[in-house]
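Labels run A, B and C following the written order; every chain starts at residue 1.
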Amino acid sequence: MTRPKVAFFDFSCCEGCQLQVANLGEALLDILALVDLVEFREVMSEKWSGRYSVTFAEGSICSDEAAEKLRKLRERSDVLVAYGSCAATGGVNGMQNRIPREKLISTVYGDQWRAEETRGVRAIHQVVKVDYTLFGCPINPAEFLRLLTAILGGISWHASDNAVCVECKFNENVCMYDRGATCLGPITRGGCNSWCVNNGNVCYGCRGMVSNPNRAGAEEVLQAHGLKPELIAGKMGMYTGALEADDGT
Amino acid sequence: MEAETVSIENSGYRIKHGLLSRITPLTKQEKLLEIRLPEGEYLDHDPGQFVQVSVFGVGEAPISICSSPTRREAFEICVRQAGRVTTAIHKLCEGDVVGIRGPFGVGFPVLPLEGNDILLVAGGLGIAPLRSLINYIIDNRRDFGKVDILLGCRNPESMLFSSEIGHWQKRIDLNFCCSVDHAAPEWAGNVGVITALIPGVNLYPLKTFVMVCGPPVMYRYVVDELLKKGIPERQIFLSLERHMKCGLGKCGHCQIEDIYCCQDGPVFSYQKLKHIRGAI
Amino acid sequence: MNQALLSKSRLADFVSYLVSGHKVVAPVPLQEGRFKFDEVQSLADISLNYIPTILPPKKYFMPQRSTLLRYDLSKGQDMEEMVELEKLVLFGVHTCDLAGIQCLNIVFSDRPKDLHYLARNNFITVIGLECSDYCDSFAGCAMLHNHLPKGGYDLFLTELAECYYVHINTQKGEEMIEEASIFEAATKAAEGELERLRSRKKELFTSEVPIRYQDIPRLFEETFDSDVWSQLGEKCLSCGNCTSVCPTCFCFDILDEPELDLGSGERVRVWDSCQNEAFAAVAGGDNFRKKRLERQRHRFHRKFKYLMDRYGRLFCTGCGRCSRSCMAGINLKRTISALIEERG
């Protein structure tokens, strides 16, 4: 049996998710025994001209050029995986969608800006069909391995739709609210094994909210902890700005 | 003092190897699987009971048994491709092996039916567990009175067991009636909801037992029609769909009030269910 | 002999004795006045004065994730049922948590028995510790009759002025006492002191909500359609904290965890929660408890009605963990009070 051809690509992102893959250590060797890694800019210089069995796409889509490149990848790939927050929800890049384009671009580039250079930020699924989605900023290595196992086995895979609090309680962390902090764990999609809280940080909501969040209830809780509505909206939408105008273009 | 992993036996999670001896596609979504246990072991189920079917690496799904226990050498399940596990089951071929746990639960009451008339009301995939009962009745036909079967499905193409139903229709000892939600103009049968068929059934309410299985939305309407016909509440039996995960009355997924569908059901009398909020 | 005394100065020796032969877990301090059961090496590690730990001791009887079986596809779908076992001494368990363990024992001993749970249960020795005062305002142990010991332990320690009064409830407990050989015979004076302490407790601990234990199921029966549930539904964030921390919540999911090459793997069970959106959903798309109010009401009814109907005892221990950990401030005692008030 020929081994699946696996490739990694990145669009607008910090490349931190591919770093997570590159840093898998021994598990990476196990993966390499099962697949042919044909393209992965962070770890190799080879290119592949044939068909991809599995393509991992990191990053959000911020220009027509990137969208075109993504469409070509989609055509050449049997399975396309959007991995990492930028790819899955637009990530922090999506925050710029809330700012008028001209103002945004002139602020960043001064009077050198060209209007056609970039457009609004889109998640991968807003441009092409996605077969699997892995959330997280960055992706969680253990969850990546579970997803890869499912893909190699041709098994469908669903990201967790439970709140981060579920795993956080499994890990018996002292609640951030008890420590006087506010945390988005109660309404954020889990699957990360409450990674941030385990390490002393609050949850920033990098996976976006669960599919049916009690947004009003959460806002009330955050307000009771002294947060102003604008700050709450900013926190809740930090990783999902690209999804707000989901016109599917 | 170190933690150790110890082997245990017969924990309730043990699976038996089920050989897929025949796979018959029924519709685009549903397949009929004939399964044989090792060394010809008899599953020994009641009509209306279910098994947990597993594909290692993917998981388990509860699926009702659709063959009659009078057939001893193999049993059948009808699998609709709906979730992860059923999708994996659909990819299997004849000669492959699945894991089987069960049978679980309380099925349709068979013994109280003897000598009585029986009305079976099936909606969509609900025909699967009722087929087990129908074939049981056919194999013991003289023990029962009049038998009416009402079947409702979305359209003629989605009808399950259509060739077998053709045989039922030809029998003089079964009355079969079918209605579809939508059909092309050339469809000669009934069009409309299954509840519309109930008033037309000729029955003696006090000696008729009704067995109902279908999508959750159907039950309330069907029960109302049956009560209008004067069928006593204790003679109406409904098979409930819930996601039984353990099958052992523990995991909580199939719980409704104080009952666990996997152990106490999935078949209940309306007399019991009418007191249980959230059941139908 | 069912009673013994342990001088306070010898408690450290008793813990050392336990640690010398067993893995001992006991309440240890975390930040912000929180506690957890964790492995200890000596009395110095243990908080004798603690409020309910974040997770109850159920994590040792029914871990967050545990193996049910291992499978190997290379050998033709071979499988072996497995249980991870570890001999443990659970030290310093309050009466509310002893009641929680009893509830789990009932459920998992009910037929069909859960051999994974029962095997683990056999490996755990339980040493209880009496509370002489309320933990905090969330506790509702007297309402649930769990402020006094009612079994569920091998040994039970009550702190007196100079010593611990030890109730020996099992042969296993007796053997520990014998082997440790630092215990003394109980005295009339100590028994009198214990009796005085218990009478003082009876005055201190009174039903925290104006309702009798035996009337609670009916209250829930009669308030099924109460507006209180809609209010809870609006507040609840479905974060699942209340069920994770509950000593008597035992719902779980069953998952396969294949190795990367898919050739082998484990079937495991992990805690699940009726508060999670998809808990009562079926593959066809129906969700039988889609609304948050239905899920919260289900949780409360499980504690106070459904499992009472099934097993003959209330499945709330009064530990207060759900209220203590609720993001939205849903408070168990206040909810019951509101139901009482609404019913009139």
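Note that contacts are C-beta pairs under 8 Å (C-beta built on N, C-alpha and C of every residue); 3 or more make two chains touch, one makes a residue touch a chain.
Small disclaimer: the values here were computed from a predicted structure and weren't measured.
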For this session: Please find which chain has its CA centre nearest to the centre of all protein CA atoms in view.
Result: C
Exercise. Comparing B-C against A-B, which pair counts more contacting C-beta pairs?
Worked result: B-C
Exercise. What is the distance in Å between the mean C-alpha positions of subunit A and subunit C?
Worked result: 38
Exercise. Just curious, how far off is subunit B from subunit A if you go by their C-alpha centres, in Å?
Worked result: 42
Seminar exercise, completed: Distance between the CA centroids of subunit B and subunit C (whole Å) is 39
Exercise. What positions in subunit A touch 2 or more of the other chains?
Worked result: 153
For this session: Mind pulling the residue numbers of subunit C that touch at least two other chains?
Result: 258, 262
Exercise. Hey, what residues on subunit B touch two or more of the other chains?
Worked result: 57-58
Exercise. Quick one: in the complex, what on subunit C touches subunit B?
Worked result: 22-23, 67-69, 71, 73, 76-77, 79-87, 107-108, 110, 112-116, 119, 224, 250-256, 258, 262, 265, 267, 269, 272, 274, 279-284, 286, 288-289, 294, 298, 301-302, 305-307, 309-310
Exercise. For subunit B, which residues are in contact with subunit A within the complex?
Worked result: 57-58, 84, 87-88, 91
Exercise. So in the complex, which bits of subunit C are touching subunit A?
Worked result: 30-32, 34, 36, 54-55, 59, 64-65, 234-241, 244-245, 257-262, 271, 273, 276-278, 292, 325, 327-329
Exercise. In their shared complex, at which residues does subunit A touch subunit C?
Worked result: 27, 30-31, 34, 145-146, 148-149, 152-153, 161-163, 165-166, 169-170, 172-175, 177-179, 185-187, 210-214, 216-218, 220-221, 224
Exercise. Any idea which subunit B residues touch subunit C in the complex?
Worked result: 1-15, 17, 54, 56-61, 80, 82-83, 86, 97, 99, 215-216, 241-243, 245-246, 248-253, 255-258, 263, 277-278
